[in-house]
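Same chain, two partners: chain A is paired with chain B first, then with chain C.
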Partner chain A sequence: MSVNLQSAPAAVRDSAPARREGPRRARGLSRVGALFVSPYVLFLVVVFAVPLVYTVWISFHRFYFTAPGTDVDSPWVGLSNYKDVFTDPVVGRAFLNIVIFLVINVPLTVGLSLVLATALNAKIRGRAFFRAAFYLPYVTASVALVAVWQFLFGSDGFVNHLLGSHAPDPSWLVNSHLAMPMIAVFVTWKQLGFFVMLYLASLQNVGKELYEASAMDGAGRVRQFFSVTVPGVRPATTLVVIYAIITGANLFSEPYLLTGGGGPDHSSTSPVLLMYQKGIEQGHPDFAAALGVVLVAFVMVVSLAARKLTERGN
Partner chain B sequence: MLRRTAYALLVLAVAGTATACGRSAPDPATAADARGPITVWLSNNAQEVQWGKAMVASWNERHPDQHVTAQQIPAGKTSEEAISASIIAGTTACLAFNTSPAAVPTFQKQNGLVPLSDFPDGEKYITERGGALTDQYRSTDGKFYQLPWKSNPVMILYNKKLFEKAGLDPEHPKLATYKEFLDTSRKLVHSGAAKAAIWPSPSSDFFQPWYDFYPAFAAQSGGKQLIEDGKPQFDSPAGLQVAAFWRRLYAEKLAPQEAYPGDSLNDGKAAMATVGPWALAAYKNSVDIGVAPVPTADGGADKHSFSDEKSAAMFSSCKNRATAWDVLKFASSAGQDGKFLGTTGQMPMREHLTEKYAAYFKAHPTYKAFADQAERVVEVPNVPGSIDIWQTFRDEWTKAVVFGRESTPTGLRNASSEITDLLNEYGDPS
Partner chain C sequence: MSDTLETRHRGGSAVRHILLSLGAVAFLFPFYYMVVGSLRGTTVGDLSAAVPSGLTGANYTAVNGAISLGRSLLNSGIMTIGVLVCTLVFGVLAGYALAQLRFRGKGAVFAALLLVQMIPFQLLTLPLYVLVVRDYGLGDNYLGMILPFAINSTAVFLFRQFFSQLPQSLFEAARIDGASELRILWQIALPMARPAVLTALLLTFIGPWNEFLWPFLVTKNADMQPLAVSLASFLSNLQGTVANPAGALLAGACVLAVPAVALFLLFQRHFTSTDIDSGVKG
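Our next item is the complex of A and B:
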């Protein structure tokens, strides 16, 4: 999240100490500050920056992992790995799967979590219980939740018992049309509690006087929701959307566990799952690195577009 | 200050990375003659661990100066992944008694394996122990990078009680031909005796063909490998018959399209499974098991099957390779092989097992069928890109055979064409 320095109060921007300590202080730099942030900078460099640069390097070379001390050539191959990525139909399918996932998951997440947060923000009986209940799936291990989902939607599961002959064939989790939507709904359910919490925090900042004024103007609860609540939590909506996109684009454990490693015909393969299969299982880290770089670019583009969309009219 | 801090951090990070990348491997010439303590990895099969610990105790008693420590292979989705990660990290044990032949070309490419043929008696020991079957395990450079150690020939295991429940004769099951197998399967499912006649995992893992397609293909083709002389063999009459047979099983819902989250045979959900003898010990207290060869179109005797072999391999991180080689020979000696067979029920990769260990098979007649089958087993082809090749095959198999989204001839033709491309690609490392 960026901070808009222009919006800082003038008294802070033009304070006397800043002028006394010269341009360095004016740029926001201080020795104590640098000391405090240095562990995090170190963390970022070692855990994020170095692997990222190394990944980009690998993606332009023919590369495979070898035993230590082994002298192996890693020749420059230019865009060859990227060409392989863009011409592999499984990659196309994986990105299509993510688009399907995001189209279902993001609106569902935003809609449900905002409605539930609004409900839980009201004075209702058992509010604490409901807040905990919605948060519970988020803090429960994916493996346990997958077992619940399989109990419900397995071919021999509870839902198919209810549907009888109307059950889909092939069943939910192995059906090439239903597998990805099922994963999207599963992830929405699992993560809903977290987003409800974000919205609940944001709702505390929406002024009560706005609701009172709108009520005096004759607005009902629905009108208040759309005219006061939705604009009031717009920054949170941006955060929720971007976070949901990033989480969705990094989808791995759900298709891995729920549909047995990407399902039949790669109907639920995600780009990250494919990176794992190519890089670790099949020994092509160069292909996986190029795919990773493409995925980062994809996430950035989609996130920026989503941000523009959610902040439109701000 | 900030600039200096940033530089310092960068130097630290680069130094850390350089240190990590600069780990050194032992000098091969020195390590080849070195003796001392070593570590060996065992699979996590309970009976195998029991044998491994006893074997190591026996070695340690005789060689206190060359102490061996036995551990189970680190956890991972598969042993191959765990071993591959350890090769890259330089943390492999000296020996692993659970190396899949399909992964050997990858380990070789990673420079993770010690060529066993380079030991003065390496070639002689391996070929004499394994006999005619050993040539399947030779790498493309002509050397052995694995000791073919044990096989688990895949056969049909069936639940006698469920057969009885379906009104079938459990002592003389009709499973020899495709027609008999399909008729038996229909009776099992339609009578309500079992939810599935047979339930191999329909998931997309590269190794799953070893438990549905490959045993049947080995049997139907008279012992052909997936690839021979650099060419795929399965887009053939034998391959098409096998694919059509399995397609019928899936299309008629005799085999489910969804993976079972446990052991379907053990849980009584499936009446049959394609498994090796290792499973007999696991089922002995829960299922009354019968054994039959995999079916073919016309039945017949002396059919081949997939070996589901596991090799023992020595890794390049090993510093005391002379000790490791001696331990490998000790662990695969006739005496230890007998103990291994007795403890685990798995077949040492030796010829004429039933004669060599006659007393064991007299006492354990169920295992004799596996010992006979072990004389006619087919291994995965030892070719570069093996895992890629199996994954490609599996993807087409899932599409055509499991889900019927394309015809089985189209599926096999596509797989054959894609695998030919892969073979050409791997054959040209430039």
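Our next item is the complex of A and C:
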């Protein structure tokens, strides 16, 4: 549809008789609309639809990287790539790492951002300053922040100097038990400002009369927080959880850079990092494609489950 | 806000301030540490590193010698500006059409717009890599770097939301006078949408500027790498080439962070909660 319109000579459209354009406009349908939206549609096709279909295709074939121009067969291999994915212990570890990430990241994000947003949701001095401070890591590049964190949490870093003999050994980022939790904490810290703003917007929709009514009934501030604020912002919480899952599924720079390529014994390897290592470093794009398809399925299942959980009782 | 609530809030104001200040320290300290560390002659991780003393610009010179900051910044700039231009031109057209025009398939396009915001983009990087680098031959090419981010869907959504709020009657008169939709968009809708455009551009800016994985995949030539990629390669394998690696790394991190942070601080009021909310409401 959009391609047709794009290739139609401009002169033809412009010289179209006004009386034909008239009823079209009266009906409210315009070719111009489709024309305006066509570059965006083309973009969605090229960048989302085609790669999505292509991944699925690759995942069912034996696929090699070849020099441009050379023609190499990509024979159909059925579920063989999927079998490889499901029998690879590192894949299991990578998915477990995402679960560890979510178990730490989701409660921390929801708890901290809701508390900070509630504290910010009043006419207080320095409100603009606090908002800016919380938002700063969100607008800053991961690569820059990773550099600081490596320096803060390195074996000879600031935090270990602060802790003295209580410092963990091996140190934070090279410790197989701490590498993944460190990533979860780093990402929580980096993204928190975004979620504080999200909750802040959501708090505007919580009826003030609910607070007044509960105050009449003698509810304290803490009680109010749990029985008015928390249920009031539930739609935002659902969104936060879904975003956390998508972030977890997208993890790459943090395990790659913060924990030096996936931590000791793959303890912080993420599925996307594994896709990069298997697909591009080791030249098995078919394995990586099958892993990608499994990851999409994983994201969908976990998102649906999370949605059911957070919306329960609504 | 009622008087009783106002009083209650004042009562809790001390608690609020303590909470918020603790948060602010946790958020700002790494930034402070980054700047101070980048300016010290010898940067070690001990507690004294947090105290500014013996400040020097040597780390900036060192990291510039290792990864050529100017060239990397230029590459980051070209990639980011390319994305901004495409998002502005094609995104405004799409947003206007979705808000004010009726055409076949409009519902489907809008559904796709909402859906792609939920697709983890990194999952598509491998097939995109095969297509863009292997099939189209766009490795080490600005076009290849820009393509996956060319039109920011969140920005299209923001444009659509803004154009939907403008009253239809505003455009009717111009249509009756025979003005083309392009002219209506350019002369009537766009001037009014200036705040929305600014917000959308600011939100779009941080994506390509901070992006690491995609340019890391498509650029092998150091002369083509944006700063996030060259800094990452400094972080993982070039640190041995300079006298004070930690300081040089922090200096590079500062250079990468400053443009996004400066824009954010300058236009802070445009990063309002309602914009984010409407941008993610899905």
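Observations, loosely collected:
Here is the rule we go by: the second predicted complex is superposed on the first by the 273 of 314 C-alpha atoms of A that agree within 3 Å, B and C clash if a C-alpha of one lies under 4 Å from a C-alpha of the other, contacts with A are read in each partner's own complex, and residues count from 1 in each chain.
As a convention for this text, a contact is a pair of C-beta atoms (placed from the backbone, for glycine too) under 8 Å apart; a residue touches a chain by one contact, two chains touch by 3 or more.
Here the structure is a predicted model, which means the values were calculated and not measured.
Superposition of the two structures on chain A leads chain B and chain C into a clash.
Contacts of A:283 after superposition on the shared chain: chain B is touched, whereas chain C is not. Applying the stated contact rule after C-alpha superposition, one finds that A:41 touches each of chain B and chain C.
In the superposition on chain A, A:150 contacts both chain B and chain C. With both structures placed on the common chain, the touch criterion links A:50 to chain B and to chain C. Contacts of A:65 after superposition: both chain B and chain C are touched.
Comparing chain B with chain C, more residues of chain A are touched by C. Residue contacts after overlaying the shared chain place A:31 against chain B and chain C alike. By the touch criterion defined above, A:214 reaches neither chain B nor chain C. When the two structures are aligned on the shared chain, A:266 is found in touch with chain B, with no touch to chain C. Judged by the touch definition given at the top, the superposed model places A:170 against chain B, while chain C stays out of reach.
With the shared chain A as the reference for superposition, chain B clashes with chain C in the stretch 218-226, and the other listed options (38-46, 110-118, 200-208 or 218-226) are free of clashes. Shared contact residues on chain A (touching chain B in one structure, chain C in the other): 29, 31, 34, 41, 46, 50, 54, 65-66, 68, 147, 150, 154, 156, 260-261, 280. Of all the residues in chain A, the ones that touch chain C in their complex are 1, 18, 25, 28-34, 36-37, 39-41, 43-44, 46-48, 50-52, 54-55, 58, 65-66, 68, 112, 115-116, 119-120, 122-126, 128-137, 139-152, 154, 156-158, 160-162, 189, 192-194, 197-198, 200-202, 204, 208, 211-212, 215, 221, 239, 242-243, 246, 249-250, 252-253, 257, 260-261, 272, 275-276, 279-280, 285, 288-289, 292, 295-296, 299. Of all residues in chain C, those touching chain A in their complex are 1-2, 4-5, 8-9, 12-13, 15-17, 19-20, 23-24, 26-28, 30-31, 33-34, 37, 43-47, 49-50, 90-91, 93-94, 96-98, 101-106, 109, 112-113, 116, 118-131, 134-135, 137, 147-148, 150-151, 156, 175, 178, 180-182, 206, 209-210, 212-213, 217, 228, 231-232, 235-236, 246, 249-250, 252-254, 256-257, 260-261, 263-265, 268, 271, 273-274, 276-277, 280, 282. Interface of chain A with chain B (complex): residues 29, 31, 34-35, 38, 41-42, 45-46, 49-50, 54, 64-70, 72, 90, 147, 150, 154-156, 170-171, 173-174, 176, 260-266, 277, 280-284. Residues of chain B that touch chain A in their complex: 1-2, 5-6, 9-10, 12-14, 16-17, 23-25, 81, 84-85, 87-90, 106, 109-112, 195, 201-206, 256-259, 261, 315-317, 387-388, 391, 395, 398-399, 402-403, 405.
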